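Encoded as structure tokens, here's the structure I'll be asking about.
The letters A, B, C, D and E name the chains in turn, as written, and every chain counts its residues from 1.
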Amino acid sequence: MAWRRAVQRFLRDRAATLGTALILLLIVAAVFAPILSPFPSDVADFHTAHRLRPPDSINWLGTDRMGSDLLSRILFGARITIAIAFIAVGTALVVGVPIGLVAGYYGGWASNLLMRVSDIFLAVPQIVLAIAIAQTLGPSIENVILALSITYWPFWTRLVYAETRSLKNEVFVESAIALGASPWRVMVLHILPNIASAIIVRTSIGMGVTILTAAALGFLGLGAPPPAPEWGRMIAESREFLPEAWWYATAPGIAIFMVVMGFNLLGDGLRDILDPRIRRGIGAK
Amino acid sequence: MTEAILSVRNLRRHFAVRGPFNRRIGSIKAVDDVSFDLMPGEIFGLVGESGCGKSTLGKTIMGIHRPNGGEIWFGGQQIDLLLAAGQRAVRRNLQYAYQDPGASLDPRWKIGRSLHEPLIIHTALDQAEREAGIRKILEAVGLPGTHLDLYPHEISGGQQRRVGLARILTLHPKVVILDEPTSGLDVSVQATVLSLFRSLRETFQLTYIFISHDLAVIRMMCSRVAVMYLGRIVEMGPTDVIFDRPQHPYTKSLLAAIPKIGGVRVTRDFWLRGEPPDPGNLPSGCRFRTRCPKAVDRCAREEPALEATGCQSVACFFPG
Amino acid sequence: MTTLLAVEDLSLGFATEAGFASVLDRVNLSIERGQVLGLVGESGCGKTTLASAILGVLPRHSVRIAGGRILFQGRDLLTAGPAFVNQTIRGRAITFVPQDPFTSFNPVFTVGAQVMEIMKWKSPRRAAPDWVGRLPAFLAPYPSPQRRSDREAVLELLDAVQLPRPAQLLRKYPHELSGGQRQRLMIAMALLPGPDLVIADEPTTALDVTIQAQILGLIRRLASERNVAVLLTTHDLGTAYEICDAVNVMYAGQDVESAPVDKFFAAPAHPYTTKLLASLPRADGSATGIPGEVPVMIAPPSGCRFHPRCDRAAEQCRTARPSVEQLGGGHWVRCYRPHRAAP
Amino acid sequence: MRRLEMILSRLVWFVPTLAGLVVIVFLISNVIPTDPVRVALGENATLAQVEAMRVKLGYDKPLAVQLARHFRDVLSGNLGTSIYSQRPISEDLAKRLPATLELTLVAIALSIALGIPLGVVSALKRNSLLDHAVRVVSVSGLAIAAFWLAMQLQFLFAMKLGAAPLNSRIDGFGPEPITGLFIVDSLLSWDMESLGSALSHIALPALTLALPAAATIVRFTRAGVLEVINSNYVLYQRAMGMPPGLVVWKYVLRNALISTVTQIGLIFGVLLTNAVVIETVFDWPGLGTFAVQSILQSDHKAIIGFTIWTGALIVIFNLLVDIAHSIIDPRGTR
Amino acid sequence: KYVHANNSGYDNLDPHAIFDVGRAASRINFYDGLYRWVDNPPKLIPWLAESHKSSADGKSWTFNLRKGVKFHDGSEMTAADVIYSIERMLATKKGASSLFMPIIDPGTTKAPDKYTVVFALKESSAIFLATVPEILVVNAKLVKQNEKDGDWGAAWLAKNVASTGSYKLKRYDPAIGFVGERFKEHFAGWGPKAFDEIEFRTVLETNTRVQGLMKGDFHGTDGYLPYDQILRLKQAKNVQIFEQESMRVFYFSIHNDRPPLNDVHFRRALAYAFDYNGFINDILKGAVARNPGPNPNNLWGAPKDLQGFTYDLDKAKAELAQVKQPLRPITIGTLAGFSETEQAATLLQNAASKIGVEVKIESAPWQVVQSRMQDRDKNYDMVPLWKSTYYVDPNNWVGELYGSRYYGTRNYSYNKDDELDKWINDALAINDEEKRRDLYEKAARKVTEQAMGIFVYNTKWYGPYAANVGGIRFCPIGSGQDMRWAYFK
């Protein structure tokens, strides 16, 4: 019942709905890229004679420096974006959340040390470490994902750690412990569900951040190697044609914008819906 | 004389006050050298001003806080030394009802699930058996069965209190520590909740430690009462005796401060001045001396011990 | 005695997500100069709402005033210009002591700064030149002669509310003070502008009994010394008994009974009042309580809102709200079937 | 006193944090496959030379020994020489630091000047047209890829309108270096031409950096004001008839800023992140371009040096934020 | 004042430490060599030396120095300075020294008198004279004063100039560039309108260089811009473009020593799989000329009738069918920041996939690519890049790229071909140009026919300068950045 009400609230939240729509758009684009794109082969095929054509009825978004259809490339690029965002954030989550949970629950010097390490990771901009790692491993999508996961897990550990710490002081957790519940039970059944909303919200926003970082890596030439239609790389390619071929940079830039916006809006919307403080505030009679 | 069901001997619980560098810069003596016995079936009241350590005492007995010193005996067993497994067994019999019952329920769990939890933890009953048990308890605390499908924030404060109690009673404990069970309730609700406590005590043969700062409620509910001031018990004895012939100046001032409808207006000439000192920075000697009209030099030098005079014990050099 | 403040048939409510909550229903109330009036009722019955309505600080976007008047010295505050009310009534003629001294000080300014800010704008000695009004408020000057005399007045009053070493105290931050000290400061701040009426919203609920006794004594003494009227809201009948001249009882947004304090406790007329008094814990262990629950304001019971829980309720209680029945000696009740004191 | 101790304890954390940083970065940079010695020696080196250089630079030793030596060097402030440029790395970093500082500080100032008033007004006029506009823009600001925004601004302002220079930090060599911050230096030496040039050059990159930062500040200020505006102390001041403008801009704002100030520490990290890419786009001779270059050149020591400096910068900045925080919020340490 | 926007950084001014095209301006404008290359086709003109003689066996070379040449500090340049300079190059082993280390031993260069220098080569070298302009002379006394720990003044010369050159160093910032002030007493004298100051500024971003040139902030920039930019610049009124045929061959370097690339059929298959016309005519808009072999068309030693490969996937498939070894994915390294290399690589990748060869592309900065190429094991399979002119002799191309003596320095093909090696070594040892031409043509033919590299085009130099700049003397060496001849109209 409460669940259905949450869905209703969600649908009423225009921003969250728009965000979901944008993300669905991304997923549809990724899944059906071969069907949707007008020139599916253009991902790796060139028509040098058609290079740098402005948008027209054939190439809706124009063509790039090799004469490939930009729309097709952007649709296929959605696959890369999805892969990077979901796998990198997913891995970081799978690693970071349990660590943060256990460290936050038990405390002690070991988890203090752990938190120090994650602090150190967080002291340096993620992109700096990611660049170093991506460069170490050589440019490829897999390595970008790896670099982002390695640098992103401390973020989750921190978040979950802090949430767990504060939840541990909550009366209902204390009372569960007083009732004799095992640590495992308290962590998994009481703490985790209660920080889940925070995690979900941050995941959504983290997806956006990760997509931006991945695009930045692609932009710097550390992402997927050519001819992969990775959006950041496309923007980098477009740079030297900026004055003449305005559409070249515009299309992938807007694609990135829409997707990140989608995740941010969804995150914001979820925050309003899921954040217990806010819900309690509104739900109270 | 019957055997005490719960005995507390010289219990201590101090909280470190930490400054920068995680350095210990002092300690709050939330519970300091507290001893008392709890007899089966009685309602033992614990009163005192906010921050005097009532909740901490309760939680230390429960094992939520580790004591810094002293012993706790429950049913002939010293429970403060037990390891996790032993503690769990004790917890079936010793339960703590939180000051804010709403907050002691997981906001994401339906009431029903929260009520199942103690049985899942402590028994091997199956779903149907548990459900039956819960419905019985629910009835006992006066809640409709439909409430099982609601979330904590969807019910009123009085009902939350009932749920909190039901949750504790599912395990049929022997002793329940009730921490401020009526604070924040309106008098009309408070009256019904209090009578519920009484009837439950009958039904389940419970022994209560009843924590409150409301003397009127204590007087109505308890057979014996201990008055705490800044981590110590300053006076203890049967309720009637304490209320009629208080010996400690602090107890006197407490009694003087409650308005008595129909009586003289206490605010006209209320004599106690000042406020309790900072618990992290206690005065030397007797803790009450900074506010005590009787205080002399000796009170600053020595700390009076809790000494029995008849059925009543007082920690004061100049009782009466 | 002349009526200082009269609330007449005030009805208002809030637009909420769940619907319109009718929080005050034709409420009447009047205070004489120098009188301490207790507004008693259970949690959520609309005490704070009524006090806020008099002060004019209800949330503007959600509040809907359905009718009634709030007459202060004969002037309707609901229709008076907001700038006028803000400058000459609020904080001047009517001041405020909040419920919770812990959260009513701005935590990041010293209490001295906050006291002096009040004095800068609300001091009885304030004589602001014309052009000051046109400046943005945070640029307005504080003439030093006024500042000096204000400061003296502050120190004097802090002494009067029994705050030790006032000068040092003013340099502290709120979190460095105890609850009792803060509430004394609040009282001092309420008296400094030399008001005619102080609205004190449950000034002692957050405090311990010993402190409560001290604070109540203080309010009572200062009010009579300075001839200030006090509207004191509370849910604690004991508090009302201690310092009030008269008591006004509310239930679920409706006023039900009003009486001088002695009559109120000796001969309550409304069934709700009697039940409330019977709920107080007594040494003999008898406290009856009131079965049922406080109604929701969104769809309140019709007529007298107490009727679902009233054992004397009749059909007419369900349909229409009883009007005021004077019982003499300033005692009135709104009930078709009140308890009548044996003559 | 409290504050001093807080600062001291922060300073004490500084050391292990940086030490940890050194280790992590060292480990990361040491598995880079390209051979730094080869890069150092250039086209013509023979195998023997390479080996000699390897020994000379200590690359032949086990990793632990290298790490220990590295620690010793870092402690003595010596980050080694760049194997590509052949100059001491600390020198290179020191030369580039002012550029990055100037850029990020201007960006922060810009974002604060933009973000706080907008956040307050948008909270006060909640659900108004302005509020909606501000929220849309601020959500967008966080979704734009910084480098793309940089390019679009370049395209619009530099290429199409010619209103701003395309990139770099100043025309020519800039004013006499005193602090290294061109804006400050040109003011100090009263060199108006340089000042104009420096300002026009910094406008676009600072704006690019400031927009997402301002978006964050707007959001937090707005949320902070909304939270505070309903608090009891604001209610109290309103009930006491204090001038509404005063209540908002003095009393509400200061409380609302507490969370914003904490955010500014994080924002600084984000700014540095974006600076890495944006400096590259705008050819800004700061730490960011240095980092990208040295990482692409597999210049181990330069990467380590950069990371340490960045980490230190962030730690120092956060220290300043903490101090600011303790001034705004006197309720003791966090 | 002339302002030049350069596409790479001047992070070191030491003339003996740097030897790349991007940083030619600091060497050529601050320093003088014994001879100097000018114009196109390149001519060698006497510079610090007035004349030279070589012994019959080609091993002893005597240079007569110009008299009265002044260093910037006023002292006179003598043979001692020349000897210090060559010893310094041999000792520091950087930059152009690799040209001399194989043929000159330290301590063997002598000065019979103050104005005569004698080089004693270990073996006869046909290219020695062509490389003599790279012996840039530093002020020995001044440098010695600034030596530290036997570093031959490396630290000092990195930031300072001690020379006889056309310009004195006025300001220098490695992150920004340098400003040179005309050295009025330069021995070669000055034209009436020569620039008083030249500023070379590092502007990495192509767009900025172009934009700045069009706005008038810069007066010149590098001549190898992408052709799209040249077209843009041609529209601008205040910019003129000098067009010159250069000697800068774009080709795919192939690792010839690694299966399956060691199979000529595989290499040929790839050579047939590159769309030369699409690349030259569409992507580069015909701005360059097809160059079928390793040597630039406009230099002797390039066979005039050489037939290169054409884009023909059928032939490619046929060749591939003859490959016996198992196929595997081929890795191409491209130069970050040089999008042409990436486009060439993707073009090849695309066609290769059609004949069933998988290609992976990795991009890295030039330094990294180079360091990998110099290592036989770490080298990429293929790298598209340019071979520029360091000295004007076919050896600069076919010799260095395929002579085994240059393995790991400038030969990245690691090819094993004794016949080819012999031709190249022979051509180095004799001085008869006719014979040498013959050898180089044979070598070029063989290299092409064996597809040891995929040779694409020879660059044209499109020197963009402000319309009011005159007197630019383009030479493939120095890329038109020798500013002493130029002036404002």
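Just so it is clear, contacts are C-beta pairs under 8 Å (C-beta built on N, C-alpha and C of every residue); 3 or more make two chains touch, one makes a residue touch a chain.
Note that this is a predicted model, so its numbers are computed, not measured.
Path length between subunit A and subunit D in the touching-chain graph (shortest route): 1. Taking the mean of each chain's C-alpha atoms as its centre, the chain lying closest to the overall protein C-alpha centroid is D.
Counting C-beta pairs in contact, the pair that comes out ahead of the other among A-E and D-E is D-E.
The distance from the centre of subunit A to the centre of subunit C, with each centre set as the mean of the Cα atoms, comes to 52 Å.
If you average the Cα atoms of subunit A and of subunit B, the two centres end up 49 Å apart.
With centres set at the average Cα position, the gap from subunit B to subunit E is 89 Å.
Put simply, the C-alpha centre of subunit B and that of subunit C have 33 angstrom between them.
Under the contact definition stated at the top, the residues of subunit D that touch 2 or more other chains are 33, 154, 159, 281, 296, 298.
In subunit C, no residue touches two or more other chains.
Residue positions of subunit B touching 2 or more other chains: 156.
Contacts from subunit B toward subunit C in the complex involve residues 49-50, 156, 158, 186-192, 194-195, 213-217, 219-221, 243, 253-254, 256-262, 265-268, 270, 272-273, 275.
Those residues of subunit A that touch subunit D in the shared complex are 15, 116-117, 119-129, 131-133, 135-136, 138, 208, 212-213, 215-216, 219-221, 232, 235, 238-239, 242-243, 246, 249-250, 252-253, 256-258, 260-261, 264-265, 268. Of all residues in subunit D, those touching subunit C in their complex are 126, 230-246, 249-251, 254-255, 258, 328-332. Per the touch definition, subunit A reaches subunit B in the complex via residues 1-2, 170-172, 174-182, 185, 190, 193-194, 276, 279-280, 283-285. Partner subunit B is touched in their complex by these residues of subunit C: 42-43, 162, 178, 180-181, 208-214, 216-217, 220, 235-239, 241-243, 265, 275-285, 287-291, 293-294.
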